[in-house]
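Contents: one structure, followed by commentary.
Chain lettering (A, B and C) follows the sequence in which the chains are written, and residue indices restart at 1 in each chain.
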Amino acid sequence: MSKSFRKEFPMWIGLVSGVIVIVDYFFNISILSTLSKEIVQWRNIVAAFALALGVGNLTRIHSHAISQKKEYWFFSILLLVTMYGYLALGLITTSKSAPYRFFWDNMFQPLSGTWYSMTVFYMTSACWRAFRIRTPQAAVMLGAAVLAMLGQVGIGQIMWSQLPAIKNWLQGPFTTAGMRGITIGASLGMISMSFRVILGLERSHLGGVGE
Amino acid sequence: MDIKTLGTWVAAISTLSVYSYLYKENALFRAVEYILVGLTTAHLTVMGYQNVYDVAINPVMTGTKVLMIVPIILGLLLYTRWSKHYSWVSRIPVSFMLTVAAAVTITGNIDANFMRQVRATMVPIKNLDTLVVVVGTITTLMYFFFMKIRGGSRAEGNGGPLAAVIAGGAELGRWVMMIAFGATFGSGVMSRIGLFIGRVQFLFGDWLKLIK
Amino acid sequence: MNILKTDIRWFHAILVLVILVPLFRPMGLPLTITKPVKDAYDLVESLPKGSIVLHANDVAPSNEAENWCQLLAMVKHNVAKGHRIILVSTVAEGPMYSDRIRREIAEPAGYVYGKDIVVLPYRAGNETAVTALAEDFQGTYKADYYGTPSSQLPLMQEVKSMKDIAMVGCWTSGDLGLWYIRQVEAKYRTPTVTGIVAVGLTLYGPFQASGQLKGLLLGQAGAAEYETLIKSPGKGLAAMDAQSMGHLYMVLLIVVSNIFYFQAKRQSAAAAGKGAR
């Protein structure tokens, strides 16, 4: 099949699907509505298939690392054993079984939660090393940050009773104003980018895999 | 030792293994890092499979909705990306997923993100709060929408009173955004500290039983 | 010694102490109830007994410390008011937490599974998953998380569309609330509240201000405020003293480091001036 067919055909599939969903939003046509609902359901099922891509990619990368005896190749064995072991456990016994839940509650959940909690130490590091008042804008930003930080906790209220009100004012009208402008601008950008994707003007997602 | 206590100890050791990185990188930290990646990927796949089985495979097998064979085929086509000769076929489901998501985004954005936000800004200015919201929103939009006019020179015809008004408005918008980002940073600190407190509550509460 | 170049691990150690001490010895610092949280509380209070509430539970280990406390507080409130609860999820971890709600909160309070509470399985697709459940709720969920067909669950039979839902609660660290605003609130005008991690103020603030969200719980403070309103202290409230000291510590780090920075800058400018002469 020609190179252009390999790019055009997927684009046409996408165009037809996308147009059906959009037209259904604006017009109340029974057959279109049914078709649109089916297309949305199908999209979710395809997205669920995509979740398994991670298994394939990790297997490819780490089996290569093991075969080449790259640095930390032993840990690659650990990763693959963990992944396939837990996968087998889940597929055979389902995610509701006691053994599956044991590993989820006592390994996955604490590891994942602890990983994200490490960001507090990076924040400590940033507060000590990175947040410098170099420009007037930085001064205003840090001033607002300090007022908001103290105003949202009890110690701030003890230091100055007006701090919570100031924090509410900063996190209310000012944040609404700043972020609403960004939200409106971003929504226009999202709408135009979405149209570009549907109409096939944006094709970066169609490249990179075979020609 | 009962299973609950064993589980708590496993969780505690996992937690402390991650925190050992704060002292310096070590083999235990690296091991749990790789274990976490394996567990996460496996869990996602298990839940994805259950999703696909419930909504697509089971209806096809029982004959209640044979049409579901279409998304099953599309989903399987995703895996052709690993084939040397047929990897282009995976573009079909990718294009399908992205365009349907784009269409859903458009239909949701027009009303919720755009029209109602604009409507919420067009309010009578009765007090300082509404003044800040209206003026702040408009000047923030000016900052992003009129970059070319702000950056232009007199020689290009972008000077003059109108350009000055726009430049002034955009500058005010910038200050409004700085205050908004600063206030948001304060919230970000609460998030990060909160995550850490959660783990400390587990270690010293559920594991060591030193705090209630 | 250049204090700005101190080994950062000392500051990490001080942070751990700063967080630990208030957890061991609570200080009883005051807590202000904010309007968005009070609005969420008032909405739940206004719903009659038997109302069906949909909780979109995207709690995961990464946001558990904030969103789990929020969701628990609101579900306790729903249970106290006799609301019926449906739990859905667009993240793979969500159903594991929904299962805990059934086991730890609902069933001990006398809720009957299938009649008063239903846990639905994970659905992939993010915003399109929300679109699917909004447009075709029964078609999206043919069975619950445990494999029981929806036709055997009385509560599922009562929900034909989002118009049958009295309130939606979204518990997330990401865009879930925005998806529900776009696909459910905008189309069906279902009252929606969101519990978001504290940093989500930027995303959700404008929607709270415009009235598209009827309530907003921000981070652990939001959870603590809600726990105070329902008079059921939990992990959110327990964490607030530690939050206070942690915040104070961060503020001190910023202020002190900038003082030393300006001092060092002045000294190097003076030294450069002397050298030039």
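Going forward, a contact is a pair of C-beta atoms (placed from the backbone, for glycine too) under 8 Å apart; a residue touches a chain by one contact, two chains touch by 3 or more.
Worth saying up front: this structure is predicted, and the values here are computed from it rather than measured.
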Chain contact graph, described as a line, ring, star, complete graph or other shape: complete
Chain pair with more C-beta contacts, B-C versus A-B: A-B
Whole-Å gap between the CA centroids of chain B and chain C: 14
Chain centre separation in whole Å, for chain B relative to chain A (CA means): 4
In chain C, residues with contacts to at least two other chains: 12, 15, 62, 64-65, 92-93, 95, 123-124, 126, 128, 131, 140, 201-202, 206, 209-210, 221, 243, 246-247, 250
Contacts with two or more other chains, residues of chain B listed in rising order: 22, 43-44, 46-48, 50-51, 55, 100-101, 104-105, 107, 109, 113, 117, 120, 133, 180, 183-184, 187-190, 193, 195-196, 198-199
Chain A: positions in contact with at least two other chains: 40-41, 43-45, 47-48, 50-51, 95, 104, 108-113, 115-117, 120-121, 123, 142, 145-146, 149, 152-153, 171-173, 175-176, 179-180, 183
Touching residues on chain B, where the partner in the complex is chain C: 22-23, 43-44, 46-48, 50-51, 54-55, 58-59, 100-101, 104-105, 107-109, 111-113, 116-117, 119-120, 133, 180, 183-184, 187-191, 193-201, 204, 210-212
Complex contacts: residues of chain A adjacent to chain C: 37, 40-41, 43-45, 47-48, 50-51, 95-96, 101, 104, 108-113, 115-117, 120-121, 123-125, 127-129, 131-133, 142, 145-146, 149-150, 152-158, 164, 168, 171-173, 175-176, 179-180, 183
Chain A-touching residues of chain C, taken from the complex the two chains share: 4, 8, 11-12, 15, 27, 29-32, 34-35, 60-65, 92-93, 95-96, 99, 123-126, 128-129, 131-132, 135-136, 139-140, 145-146, 201-203, 205-206, 209-210, 221, 240-241, 243-248, 250-251, 253-255, 257-258, 261-262
For the chain A and chain B complex, residues of the former touching the latter: 1, 6-7, 9-11, 13-15, 17-19, 21-22, 25, 38-56, 58, 60, 72, 75-76, 78-87, 90-91, 94-95, 100, 102-121, 123, 137, 140-149, 151-153, 167, 169-188, 190-191, 193-195, 197-198, 205-206, 209-211
Partner chain A, residues of chain B touching it in the complex: 3, 7-8, 10-12, 14-15, 18-19, 21-22, 30-52, 55-56, 67-68, 70-72, 74-76, 78-79, 81-82, 84-88, 90-107, 109-110, 113-114, 117-118, 120-121, 128-130, 132-141, 143-145, 173-190, 192-193, 195-196, 198-199, 202
